[in-house]
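Here subunit A shows up in two complexes: once beside subunit B, once beside subunit C.
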Partner chain A sequence: MKIVGVAACTVGIAHTYIAQEKLENAGKKAGHDIHIETQGTIGTENELTQKQIDEADIVILAADVKIAGRERFEGKRIIQVKTETAVKSPNKLIEKAAEVVK
Partner chain B sequence: MMEVKDIVDINTIKTNINVKSKEEAIHELAGVLLQNEYITNVEAFVEDIYAREAVGQTGIGNYIAIPHGNSHSVKKIGVAIGITKEEIPWETLDGKGVKGIILFAVGKENDGAQQHLKLLSLFARKLGNDEVVEKMLQSADAEDVKEALCN
Partner chain C sequence: MSNIKKINLKGHLLTAISYLIPIVCGAGFLIAIGMAFGGTSQGTLVQGEFSIWDALATMGGAGLGLLPVVIATGISYSIAGKPGIAPGFIIGLTANAIGAGFIGGILGGYLSGYLAVAVLKYFKVPKWAKGLMPTLIIPFFTSIIGGLIMVYIIGIPIAALTALLTNALNGLGSSSLLVFGGIIGLLSGIDFGGPINKTVFAFVLTIQAEGINGPITALQLVNTATPIGFGLAYFIAKLFGKNIYTPVETEALKSAVPMGVVNIVEGVIPIVMNDIVRCVTAVAIGGAVGGAITMVLGADATVPFGGVFMLPTMSQPWTGAVAILVNALVTGLALAVLKKNVSKEEERAEVEEEDIDLDDIQIL
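On to the complex of A and B.
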């Protein structure tokens, strides 16, 4: 399946990027196509394209703060968690996403 | 091209450190940052680190902790890395203790620091990689740590 998501933590220095790495690795390992945008101190990186969002089966928001551009995901299936959850159990989160899509 | 190795300073990596608590570990590594001129004041810096600790766990599991925060006492963005002799208690996501502590030094005003922040984000990603972390924790010296993170 195709997954897009956003990672954003409080300070925007560490958890955001660790969550991104863990989610992307877990997603790829499970055979999915996955893109995680980061919103941190440095700004938005790996910004999702409209095409990626349109094609996505599910959206994972791993965020401890209000994310920018949430309206981009309107009408899509969204799983929202804290960055902690993505850092702690990325594989479980991806499994859950797959179940939701089923 | 910017690479993670550009932000990993061999002088701020300490292996086999003999600390027994989170407090000792943070102070030890803040001292290393002071010696290497990343920060201007240990006490002020540590206070800002604890302000972030109060918000939530910085133990990310896999024996790694990432204390961080924004502090006026930071004059140069960087990281200090400590590998402890023994596992020490820490609030962590997986309930285990900690053996690798990565103390991030980031200022409050980061104008003109985009490049360093970018490097820091690339560095943070490495900590999300289980293999990198495992290799780092087994390091005997600073060179090994750097190699684990930069490969």
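On to the complex of A and C.
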């Protein structure tokens, strides 16, 4: 399945990127197509394209703060967690996402 | 409980803090450099009567003086989106004017945000006036209601409370400082930049906004010393003939330690996850010692972030250096003693992930 998501933590220099890396690795390991945008203090990086969002089966938001551009995901299935959950249990989170899609 | 979670008070505060941190760091460095070279922060810079150091200190002082405004605007924005910005700004300035300070700014932000949402929801306007909604109606009504509440109802008690808190903290004797610093260090150490650490951060930042720098310095020095302690533990354990890290962990240390030196504690998380209880115990012991030393010696960074870069902004940089060193040594020693010797088989064993608590997940 195709997954898109956003990672954003409070200070925006560490958890954001750890969450991104863990989710992408876990997603790829489970054989999914996954793209995670990061919204750190430096701004938005690895920005999702409209095409990626349109094609995605599910959206994972790993965020401790308000994210920018949330309206892009209007009408999609969204799983929202704290970055901590994505950092601690990325594989379980991806499993959960697969269950939700079914 | 689920309702409280939905309102997400803490999330709004964290969002605001994420906007605040770069401002505090930028302004903090300006004022620290300016004051280190003999400048003073002035209300107005009179042409021809100030040095470049006065200018720097004034720039920094102006930025730091606006913290209640920034926190109010950030919270209000987080709650109400773009329409929350204007009233948050005005109510934040009102909090400043009445002397309600940072705590006033925080409450003002919530007030402004929810009022803006309420105005958006309950004020019905005819179609031709739709354009007036965001430009006039929300900012005006939210500001007048929120601002008057701030001035006449909550402002004065908060100002009194803030003064009380500030005086109490300024009056702490050295044994109280030891305990207070120890608690801050312990709490900020145990979850490595996670929610407990950020909650403590919000609290000590509030205190710093009132001009007391010790507690926040304690927090950040512990954050700085913790990863360094993990690095030291590697060598200390070697002295005992012990090998406490797997090759993967040793690899992680190579980036975690330099990250720690500049105040990013999160790099050690992958290592901690493999052995949570022992690592947290070691960090808590080291953090309590480091926090206590910071407070007792009176390390007082004006910049609440930056790791070793905070040292030059202190009135006595050596105090901060001592706190970091002792903290790192204690953490390192504790890790070396507590952690088990890693055998060859364990190096390969993959660690089972924690189960997800369903309460932590929102599916929309």
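The rule is simple: the second predicted complex is superposed on the first by the 102 of 102 C-alpha atoms of A that agree within 3 Å, B and C clash if a C-alpha of one lies under 4 Å from a C-alpha of the other, contacts with A are read in each partner's own complex, and residues count from 1 in each chain.
The rule is simple: contacts are C-beta pairs under 8 Å (C-beta built on N, C-alpha and C of every residue); 3 or more make two chains touch, one makes a residue touch a chain.
Computed from a predicted model, the values in this text were never measured in an experiment.
> Taking the superposition as given, does A:T41 touch the first partner, subunit B, the second, subunit C, both, or neither?
It touches subunit B and subunit C both.
> Is A:K66 contacted by the first partner subunit B, the second partner subunit C, both or neither?
The second partner, subunit C, only.
> When the two structures are overlaid on chain A, which partner does A:A14 contact: first (subunit B), second (subunit C), both, or neither?
both
> Check the residue A:K88 against both partner chains and state whether it touches subunit B (first), subunit C (second), both, or neither.
Touch status of A:K88: both partners.
> Does the superposition put A:V101 against subunit B (first), subunit C (second), both, or neither?
neither
> One more residue to check, A:A30. First (subunit B), second (subunit C), both or neither?
A:A30 sits against neither subunit B nor subunit C.
> Looking only at subunit A, is it subunit B or subunit C that touches more of its residues?
C
> So which bits of subunit A does subunit B touch that subunit C touches too?
10-11, 13-15, 18, 41, 64, 84, 87-88
> What does subunit B use to touch subunit A in their complex?
Per the stated touch rule, the residues are 52, 55-57, 60-61, 66, 68-70, 93-94, 104, 106, 110, 114, 117-118, 120-122, 124-129.
> Across the complex, what residues on subunit A touch subunit B?
Residue list for subunit A touching subunit B: 10-11, 13-22, 25, 38, 40-42, 45, 64, 84, 87-88.
> Under the definition above, what is the set of subunit C residues touching subunit A in their complex?
Residue list for subunit C touching subunit A: 11-12, 14-15, 17-18, 21-22, 77-78, 193-195, 198, 259, 264-267, 269, 273, 353-357, 360-364.
> How about subunit A: which of its residues touch subunit C in the complex?
Answer in residue numbers: 9-15, 18, 41, 64-66, 77-82, 84-85, 87-93, 96, 100.
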